[in-house]
Amino acid sequence: MAVLVNGFVCKNPMDVKAEDFFLAAKLDMPRDTKVSKVGSNVTLINVMRIPGLNTLGISLARIDYAPLGENPPHTHPRATEILTVLEGTLYVGFVTSNPENKFLSKVLNKGDVFVFPEGLIHFQFNPNPYKPAVAIAALSSQNPGAITIANTVFGSKPAISDDVLAKAFQVEKKTVDWLQAQFWADNQN
Amino acid sequence: MAVLVNGFVCKNPMDVKAEDFFLAAKLDMPRDTKVSKVGSNVTLINVMRIPGLNTLGISLARIDYAPLGENPPHTHPRATEILTVLEGTLYVGFVTSNPENKFLSKVLNKGDVFVFPEGLIHFQFNPNPYKPAVAIAALSSQNPGAITIANTVFGSKPAISDDVLAKAFQVEKKTVDWLQAQFWADNQN
Amino acid sequence: MAVLVNGFVCKNPMDVKAEDFFLAAKLDMPRDTKVSKVGSNVTLINVMRIPGLNTLGISLARIDYAPLGENPPHTHPRATEILTVLEGTLYVGFVTSNPENKFLSKVLNKGDVFVFPEGLIHFQFNPNPYKPAVAIAALSSQNPGAITIANTVFGSKPAISDDVLAKAFQVEKKTVDWLQAQFWADNQN
Amino acid sequence: MAVLVNGFVCKNPMDVKAEDFFLAAKLDMPRDTKVSKVGSNVTLINVMRIPGLNTLGISLARIDYAPLGENPPHTHPRATEILTVLEGTLYVGFVTSNPENKFLSKVLNKGDVFVFPEGLIHFQFNPNPYKPAVAIAALSSQNPGAITIANTVFGSKPAISDDVLAKAFQVEKKTVDWLQAQFWADNQN
Amino acid sequence: MAVLVNGFVCKNPMDVKAEDFFLAAKLDMPRDTKVSKVGSNVTLINVMRIPGLNTLGISLARIDYAPLGENPPHTHPRATEILTVLEGTLYVGFVTSNPENKFLSKVLNKGDVFVFPEGLIHFQFNPNPYKPAVAIAALSSQNPGAITIANTVFGSKPAISDDVLAKAFQVEKKTVDWLQAQFWADNQN
Amino acid sequence: MAVLVNGFVCKNPMDVKAEDFFLAAKLDMPRDTKVSKVGSNVTLINVMRIPGLNTLGISLARIDYAPLGENPPHTHPRATEILTVLEGTLYVGFVTSNPENKFLSKVLNKGDVFVFPEGLIHFQFNPNPYKPAVAIAALSSQNPGAITIANTVFGSKPAISDDVLAKAFQVEKKTVDWLQAQFWADNQN
């Protein structure tokens, strides 16, 4: 019988193979940034894709940005992220916790490095209207999770009561209803 | 010289006093729910208020809700929350991570208990138009932090670029600008 | 086949329900304080009662105290406790480790908060001969454990050798034997 | 200025010396077992004695037992203990948490190994009326702490109210008073 | 006075700036692979270079390999590594613990991903005699450390006794002496 | 069905027995130091030998050294080690990480204590040509692992390419080939 740790198979050390720690992930290849309206695509290599990552506390991602595309405001509930720009330019930032809610931002060029601390809301935006951008990011968990704010708040299944959201966002219910009627697609796939 | 651990004073065991582990917090007393437009008030007893909590991984809060008041969608970047209702009724829920974004909700009556897992977006809403509600919540960190989604996204200082937010929330920039012009007050004080 | 983490079922995220994070625990209702001779009753909501608490590091309890009742000296081997008084008055305290063994104590009134650090021997006592008391406590583990000192030392099954206990407590063996013949009931149920 | 971590000096890697990780502890030499009435002496090598242990999560002890001497019931709030007998025979045991309070015990001969799980009440007793015993124990913390039950409950400074202890131990107050009047010395020095 | 955590400055949240989380690291630029005889150069972005990484558990590196250059067998005592190839080809591998000492290896092309588990001896080698190679690697610590086996065993300051090394490596002392006389330069700078 | 935690059986608290925490390990008896050419023998009591150690973070070992025998340079990827000498004399040391690679060493006599920090390369050598030596060591993991440097680098199965090792150790390939042809036996059994 398979032994599971964290719900993933834990192999006998006698049986491990190099393939358990390997993926032909094609992280060098551009990805389609039209999978969602925000114009980005996150290719995450986590424990679901490399079983040998189990218990090891790290994962890696390539992110493609269309011109004016963005990886919209989101959090990782279990990971800090460190990112470097491979191609193009990115306007990035995160907001600190209550009550300060300070917005710290930076324009990153190729080769620059930026850190998004665990659990904070952050984004990356490609300000160039003509050229795509590419980044490599690493996350401090084999299963970091991602919570895209707009999708989670306005695109949950089922929808959160519009009473709750109208008051929280200080808008009329019909605005909430209109937002909830949009198509909220995940930009990771 | 004072010894600091996590940035807080770590007393010599010879010098600790009962007062280091105590607070006359008046958690039995109703609090003013008009401190913010959402109609709630969070009284959090964390390591800033009881120094003896340092390194011990827990904190406690009382939350007051006006009729139709809410503790709006937020996350705790470093803590799970467990809550019980002392007075009134609460409609509570949280949304799971991408890509499912499942909304799990429940109406809680006095004495019921609910859990909000670490890092997930959650809220509590008092559906009763006439009566206030009160809850006691505990958090699995001496400094759990709180990130109110609306305040962080639309009320950060300085503001996040409206290009970024318009695309993320699929609204026009003027809607973002209107939201950013609102007064976003913290409901914890 | 069910996936287990820490010996508890770990559900597929697709299958979780609000009920996995909920309990109609009736924490608002008084409990019978005559379940043990010490005059108290601990209602603990841990991972055995809310499966969704698994891995999340927190639990919640209501404690009822008869007049002159107590939650006798005990430890939690895996948790710190933070407590607030809902009704009545409590005389509480804990003792620090060897070699100081300092006893830190406080009389708590309604709304006061006190912290019992992980692993230390502590108790709560209701000094009022006429009125009951009630507290809400939170613990920094989904399975904090409890070790009541008297029950563990004098009521273990089988009994610890009276040679060992007589020397440890500097009493005669017949005193130990008399103590071991008492009925040591758990005050948590 | 010295950098402190956990309240202990953290040296620059350029400045560390072998002496920071060394102690001429004389663990091969018998120690005086008359330092306390229980007839044992614990020589603990922890971070206070070897500064290089800081953050490394382990410590080591030699324990000497007089004939019929014991290391009386105690807990380590931050460590598991693993022990082997160097000389003589030991009757050892620990009691599990509420509600089972199972007492697990064993007679250990030279070369045997036994484990006392973190936070549980345990003891070692030398059943031989003529010969001393010696053990080496390791603990899973650089600062495990020790809480001797009798000393903590009956010898705290100041004393715990005899109302509390009389009810907890189901004895008369005068028995508690008599116990509190004894001299409770630490067996570690 | 500055507050230190882990020996690094911990800023007041009111004072943090985007620059605390940023480095113009020029990770897009080739580095000189002649800094050591092994023909590689590791550019590590850790907490010494981005102070905001403190406590966040991650770091990032660019590694340049000359034709036939290698990042020689080494361990990271506090981190797992995940690596992807940006340019060229790499022959990579690690060896499991005693007693199996299984060598798991793979030839990686551009875009492939490989994982080196925490603490295991691993290397990367560029098998191409004409073209350089480049990789990006992430490590699960803000201060992962690196221990190059050859440098540590044969190039320590002062030298390890040749009696010890001759027996350990089953060679004559003069071979050890010859090895210890080589120049062992670090390939990270 | 058996519940597994970390791949080891986790018993119901109702079913645990003293035997789950015990081993008649005969740590008082000399062991054969001829099991490998290095002249030492490590008897490790870990979770594979005492199931009750699971999750408890500690293990214990006896190490026997022949005259001029050694426990050759190795690391423990998941544990710090603390050691005391029972018989004889030991020359011990460890080397710090890159770039310093400082060698810290000490001659230990009976009763002395030394610490080898987690993940660092260390050894013990018996400098006495006539007398054996014996040590007791404790490790801060129930499954610390061991990586003997020579065996791992030159005795892996299959062998690491001699191109890689020749460059890493600055020797000719035929020297590597000769080393790889030796018999590399584990000194733990």
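Per-chain numbering from 1; labels A, B, C, D, E and F assigned in written order.
The definition used in the following text is that contacts are C-beta pairs under 8 Å (C-beta built on N, C-alpha and C of every residue); 3 or more make two chains touch, one makes a residue touch a chain.
Note that the structure is predicted; figures quoted are calculated from it, not measured.
Listed by label, the chains touching chain A and chain E alike are B, F.
Common neighbours of chain C and chain D under the contact rule above are B, F. If each chain is reduced to the centroid of its CA atoms, chain C and chain E end up 49 Å from each other. Centroid to centroid, with C-alpha atoms defining each point, chain C and chain F lie 42 Å apart.
In this assembly, the C-alpha centroid of chain D lies 27 Å from the C-alpha centroid of chain F.
Residues of chain E in contact with two or more other chains: 4, 93, 97, 100, 102, 105, 118.
Contact annotation for chain pairs lists A-B, A-C, A-E, A-F, B-C, B-D, B-E, C-D, C-F, D-E, D-F, E-F, with touch applied as defined. Of all the residues in chain D, the ones that touch chain B in their complex are 4, 6-7.
For chain F in complex with chain E, the touching residues are 37-39, 68, 70, 72-78, 91, 93, 95, 97-103, 105, 118-121, 123, 125, 127, 145-161, 163-165, 167-171, 175, 179, 182, 184, 186, 188-189.
Within the complex formed with chain A, the residues of chain E that make contact are 13-14, 16-19, 21-29, 45, 50, 52-53, 56-60, 79-82, 84-86, 93-94, 96-97, 100, 102, 104-106, 108-118, 136, 138-140.
Listing the residues of chain C that touch chain A in their complex gives 3-5, 10.
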